[in-house]
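Order of writing sets the chain letters: A, B, C, D, E and F. Residues in each chain are counted from 1.
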Amino acid sequence: MLDAALATWPEVKDFVREGRIGLLPVGAQEQHGPHLPLATDTVMATGFARRLAEALDALLLPALPYGDAWNNEGFPGTLSLSPETVQRTVEDLARGVRRIGLGALIVVNGHFGNREPIALAARELWRESGFPVLCLDYPGLESLADEICASAPAAPTFYHADEVETSVMLALAPEAVRMERAISEYPVFPPTFGAEPMQLSSFCQSGVFGNSRPATAEKGERLLEGLTAASVDVIRTFLARHGLVRAKNSEEKPS
Amino acid sequence: MLDAALATWPEVKDFVREGRIGLLPVGAQEQHGPHLPLATDTVMATGFARRLAEALDALLLPALPYGDAWNNEGFPGTLSLSPETVQRTVEDLARGVRRIGLGALIVVNGHFGNREPIALAARELWRESGFPVLCLDYPGLESLADEICASAPAAPTFYHADEVETSVMLALAPEAVRMERAISEYPVFPPTFGAEPMQLSSFCQSGVFGNSRPATAEKGERLLEGLTAASVDVIRTFLARHGLVRAKNSEEKPS
Amino acid sequence: MLDAALATWPEVKDFVREGRIGLLPVGAQEQHGPHLPLATDTVMATGFARRLAEALDALLLPALPYGDAWNNEGFPGTLSLSPETVQRTVEDLARGVRRIGLGALIVVNGHFGNREPIALAARELWRESGFPVLCLDYPGLESLADEICASAPAAPTFYHADEVETSVMLALAPEAVRMERAISEYPVFPPTFGAEPMQLSSFCQSGVFGNSRPATAEKGERLLEGLTAASVDVIRTFLARHGLVRAKNSEEKPS
Amino acid sequence: MLDAALATWPEVKDFVREGRIGLLPVGAQEQHGPHLPLATDTVMATGFARRLAEALDALLLPALPYGDAWNNEGFPGTLSLSPETVQRTVEDLARGVRRIGLGALIVVNGHFGNREPIALAARELWRESGFPVLCLDYPGLESLADEICASAPAAPTFYHADEVETSVMLALAPEAVRMERAISEYPVFPPTFGAEPMQLSSFCQSGVFGNSRPATAEKGERLLEGLTAASVDVIRTFLARHGLVRAKNSEEKPS
Amino acid sequence: MLDAALATWPEVKDFVREGRIGLLPVGAQEQHGPHLPLATDTVMATGFARRLAEALDALLLPALPYGDAWNNEGFPGTLSLSPETVQRTVEDLARGVRRIGLGALIVVNGHFGNREPIALAARELWRESGFPVLCLDYPGLESLADEICASAPAAPTFYHADEVETSVMLALAPEAVRMERAISEYPVFPPTFGAEPMQLSSFCQSGVFGNSRPATAEKGERLLEGLTAASVDVIRTFLARHGLVRAKNSEEKPS
Amino acid sequence: MLDAALATWPEVKDFVREGRIGLLPVGAQEQHGPHLPLATDTVMATGFARRLAEALDALLLPALPYGDAWNNEGFPGTLSLSPETVQRTVEDLARGVRRIGLGALIVVNGHFGNREPIALAARELWRESGFPVLCLDYPGLESLADEICASAPAAPTFYHADEVETSVMLALAPEAVRMERAISEYPVFPPTFGAEPMQLSSFCQSGVFGNSRPATAEKGERLLEGLTAASVDVIRTFLARHGLVRAKNSEEKPS
């Protein structure tokens, strides 16, 4: 893999060849309770993308540290891009990745609010040039969380500043986690949640959704390993769909 | 100062009070010759902004790692946002900084191509709400470079992957610099440079503009100190213009 | 309730008063297999919205017969609006509903692809004027389908031209259903479904997702009744959140 | 002809062949006095388009029930799209009609305010792909109205809720007309009408422009027949201009 | 009146007072046959606006020399703005006229294709601030042309490079007219003219619509006088509608 | 050269041939002190462009009389376009110049605020079609002013209503200059000038930046000659870069 931030241009030039792809982590500057940093989604997406880049020998792009975190603006420190800005940013970068000569872009998304803008960017690239863009949102996380974590999520598939995210952060950036402030809050979701614009701060006090206390670095490591395995499978399928599987794959598969 | 990426939301809540401001570093993913990383502008803007944040006790926001680097797209590895995307990003973030309750936003720009989009964002904020946004482009760099550096720039006020930038990188992130590949190139600028759209790669082979060899960390440190002093002055003037100077300032000035 | 298409302007004038709201059905022109009409989502959203309008004494607006049905364009007859056009349409109409003097807009959405554009329109209205917009996507459908229908959906919460939709169509517009052509197809979803832009026609031959054969009008009626009851609850909560519950509600609740 | 709303996708697939075209009725949700429904323009455009679809064996698309009715917003019940939204909607649908394989799109416009947005959409389609789009605004109506109707229009070529529109509505949807409330109003048009933005309600009390009382279904039928004949001629010319005339034409012309 | 192009800023400052208005001529760069210059519409709008500015003691703004002349692009020399650019230009200038403190903006339009963009700009200004904008399109021209000119127009209200325009040009800028090349052409308008996008060059060879030969400066002068009288009336009504009539008016009316 | 405003379309048709180019002057409606007219930048750009058109035998287009003069809006009489409107206008016209068959567009810019919008338009044209657009901003003015003028500019390369501009105006349009009101003002630029949005009127009283008194027509003539010579060189280089140099060039070069 090659870290595009630290690489020089001749190194990128040498790295690009048929079958090689780019990985773009997309995070957010968003509240994550009293014990996790505001950059949690960026840290997680970046750390996870790095593992994927290693597994796939890909070009790892600098992470976007902002996303559409509109519904957490009620908590100070959250800073949000409009969905249109997120979409345009991903479009611009995908066009650049295509221009450079990479075969596809994998967007490693660490924040729910970015999903739709990224999906629209992927659709636009497909429309204008057929360039393939895949958006990964921690595939397989639900079953992994069920298996590995002790506490229940605050709502189905809703993991925010809870045991899941805190564990992954303990595995990736333990120095940024204040476990002594880790708490548990199971807010009551209003019946219209998801059906109307709503600030999460209107029904959640701490910003924690679920129980962050049982989190451990070991659980985080297991989650990351499971997510990586699941994602590599999805990406391989994706590359095969678009005729981009590299020779290296066939070598690997026997192993 | 408070590092907004690593902070939690209650810490940001406590930090925000009258007179406090936000600092946003804006970089680029852009070729910087064979010896400097593609993230050079981001590294420099971030390191410089950190010093300013300390001097001003400000909220340091996560750096934007992409900018409008259109005219360096001829070198592989450069990835660029459209000027409109840069502008909208800064607008969105400035609105967020205002919403949070900070008194102003200082954009610490590390890349020439971002100047105009940031200026337009600042104008838009002024138009829609009067919120003050200042864009710093290394104020005073020309005279500092003249004083501190041994080599001449490739063109007046044009510092790219040369002694100036290499020195600052050696001061901020020496591990990212490969001085063994540092070279000198003084390209001949076409007469229409600046007057028509033009790829820098059409007249520069290495991506270095000037002589990067005489660079030292010590020069970089002196440049950073000079830039910091000049910038703090400009920012203080800016804050005074908008009635935002904090009491702490008067304490500091005597020292 | 008042049907806004057939009403005259003096009737609308008389109808508008405190607590009264508007209902906007949003459908699609989209393939629904060999036995259901292309307007299926519009017919369903309109029929369902009519029941809600009666239950809530609301103004029923003309249905939008087009939506974002991009991923069904592989089947002839599908006609799609861009997500931006759907969003702007809903924004324009919500502004009009607000201008007229109604207290809120309920968007009764009959097509998955419209969800995000409607949500963004609702957010924009909230941002610009605080006007409340609720988007209903058949709340409670999953458990109702589990309870009432014999066949399994092709994928969780994915109901398209199957027993669920065919039953509702048999209840609302039996003349438009050709049960003799009703078939069963359980396509294999590619692993990257939902993660990259993909035409449904690339893995589904008939356009039916699941088994449409066990559909009956009686099941459709039960589904509609269940959906209506669940929706009226959600809407009442929504109105209460925004201080819009009318006196009539308290009369109704005892019954 | 084929009604695209009620058709299934295999039926559309079979229907599309060389020379076949699509018809899109565009209406409005707009005040039409105390005796005609707010959907009058939609009802008229749809009924008229159906006759054209039959005469031309065309694909009849679902009608757009909203248009740019800005200058009637002073009357409650009018709901309006911005001209840009109307334009984008027609553009999106025309692109879809082209993609499906039809040879042209005929927009059957029932509302004056939609003219320019449809014209701009037609121009855009021509620019981007050369796809032919024709906008019909009741061609020949002026001379037909002169010939068939007893009352004068409120202004030249201005027919709104008057004898013309009421007659056509009596022919197409008599159950939606309350002739007992039909009145006559000849408002005085301000000298700046048409030269500055102006609400019609500022100089017209009832929303009727002219005399609706002499309206009869029989006059409406004659108007529709005349409009249909004139339109079929225009469409045939249009198709011939673009090399789209079908064999059927030559059969018909002798008759 | 004050000519804003030649005035200095202190003169504008002194000129602006209650009741004073601005006049903006809008022209086009468009073919006008072999005998009239491409700037004909600009010359006419400017000359006409100057007379109105004198009659109304208004601020005469510099003329826009480009407009939406799309359908004349088939003739070399025509240069066109998109309708959106025309609209935005007028919006920007109207906002400026309002900011300066003038009471209204009169757009003196010399080119048919600019009508709708100007009307939309006027509507936008009304929506955002209530600022009154009037668009004048040679009011009363039809009856004046009937009365003064010998030749018939090529189509009703269609005056292009014919006796009307040539006469006005002879009155305003005789040095720019080559009467020796003045010709007559009465092209046959296709039946779909006005209903589909169409280049005028597809059915007109010379660019002249009608007969330019009978044109004289004296007719042009009479046309201008008639247009000026009619326009001053319309503008006075407009100003009265918006409470902007100046004292001078009452003095004038008796006379 | 051919003046496109006064030419007829057949003349433009005859004029266009390989190697011929278009010249577009872009000015502004902007305060220029008590002695120069608001149209100063337009007058200067037009006069200068005319000389270039003669030297290059080019098509001279009508001048844009408005630009982005935002920071002079504090002085009455300044009217400004948004930067986006300027950009779109230049884009539209450049597309037209390309359509007509000219080989390139030279934008002769008379106003600093238009630089970036023109540069972005040039970039867009290059991106969409490769059409070459050059923006000239008085090349060589700094050294010419140093050489010819007696007074120093108010700031480096900042010439506004001073000896430079007043001299050029005296050479081009002496009747529009009131030398009796010519004054000298050397305002103190705030330290944040150029780094934040700022009205020039906040620190300059007269609108004159520098000393306008030593201006003479003779100096203006020398400046124009110097600028013309320098510009013709730049344009020749530009045309050569794009393979557009006409045969005439080789004839001229020997002389």
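Here, contacts are C-beta pairs under 8 Å (C-beta built on N, C-alpha and C of every residue); 3 or more make two chains touch, one makes a residue touch a chain.
Predicted model only: the values in this text are computed from it and were never measured.
Asker: By that same contact rule, can you tell me which chains touch chain B and chain F alike?
Answerer: Touching chain B and chain F alike: no chains returned.
Asker: On the document's contact criterion, could you list the chains that touch chain C and likewise touch chain F?
Answerer: Intersection of chain C and chain F contact lists gives nothing.
Asker: Which chain has its C-alpha centroid farthest away from the centroid of chain E?
Answerer: Chain centre farthest from chain E's centre: A.
Asker: If you tally contacting C-beta pairs, which pair wins, D-E or C-D?
Answerer: C-D
Asker: Can you check how far apart chain A and chain F are, centre to centre, with Cα atoms defining each centre and the answer in Å?
Answerer: Computed from C-alpha means, the inter-chain centre distance equals 50 Å.
Asker: When the centre of a chain is set as the mean of its C-alpha atoms, what distance in Å lies between chain A and chain B?
Answerer: Each chain reduced to its C-alpha mean, chain A and chain B end up 27 Å apart.
Asker: Could you work out how far the Cα centre of chain A sits from that of chain C, in whole Å?
Answerer: Result: the chain centres lie 31 Å from each other.
Asker: Which residue numbers or ranges of chain A touch two or more of the other chains?
Answerer: In chain A, no residue touches two or more other chains.
Asker: If every chain is a node and every touching pair an edge, decide which shape results: line, ring, star, complete or other.
Answerer: Shape = ring; chains linked end to end, path closes on itself.
Asker: Ring order, please: chain A first, chain C next, then the rest.
Answerer: A, C, D, E, F, B
Asker: Along chain C, where are the residues that touch chain D in the complex?
Answerer: 4-13, 16, 29, 31-39, 42, 61-66, 73, 75-82, 84-85, 88-89, 92-93, 96-97, 99-101, 176, 178, 181, 207
Asker: Looking at the complex, which residues from chain D come into contact with chain E?
Answerer: For chain D paired with chain E, touching residues are 70, 83, 116, 119-120, 122-123, 126, 132-137, 139, 190-192, 195-197, 233-234, 237-238, 241.
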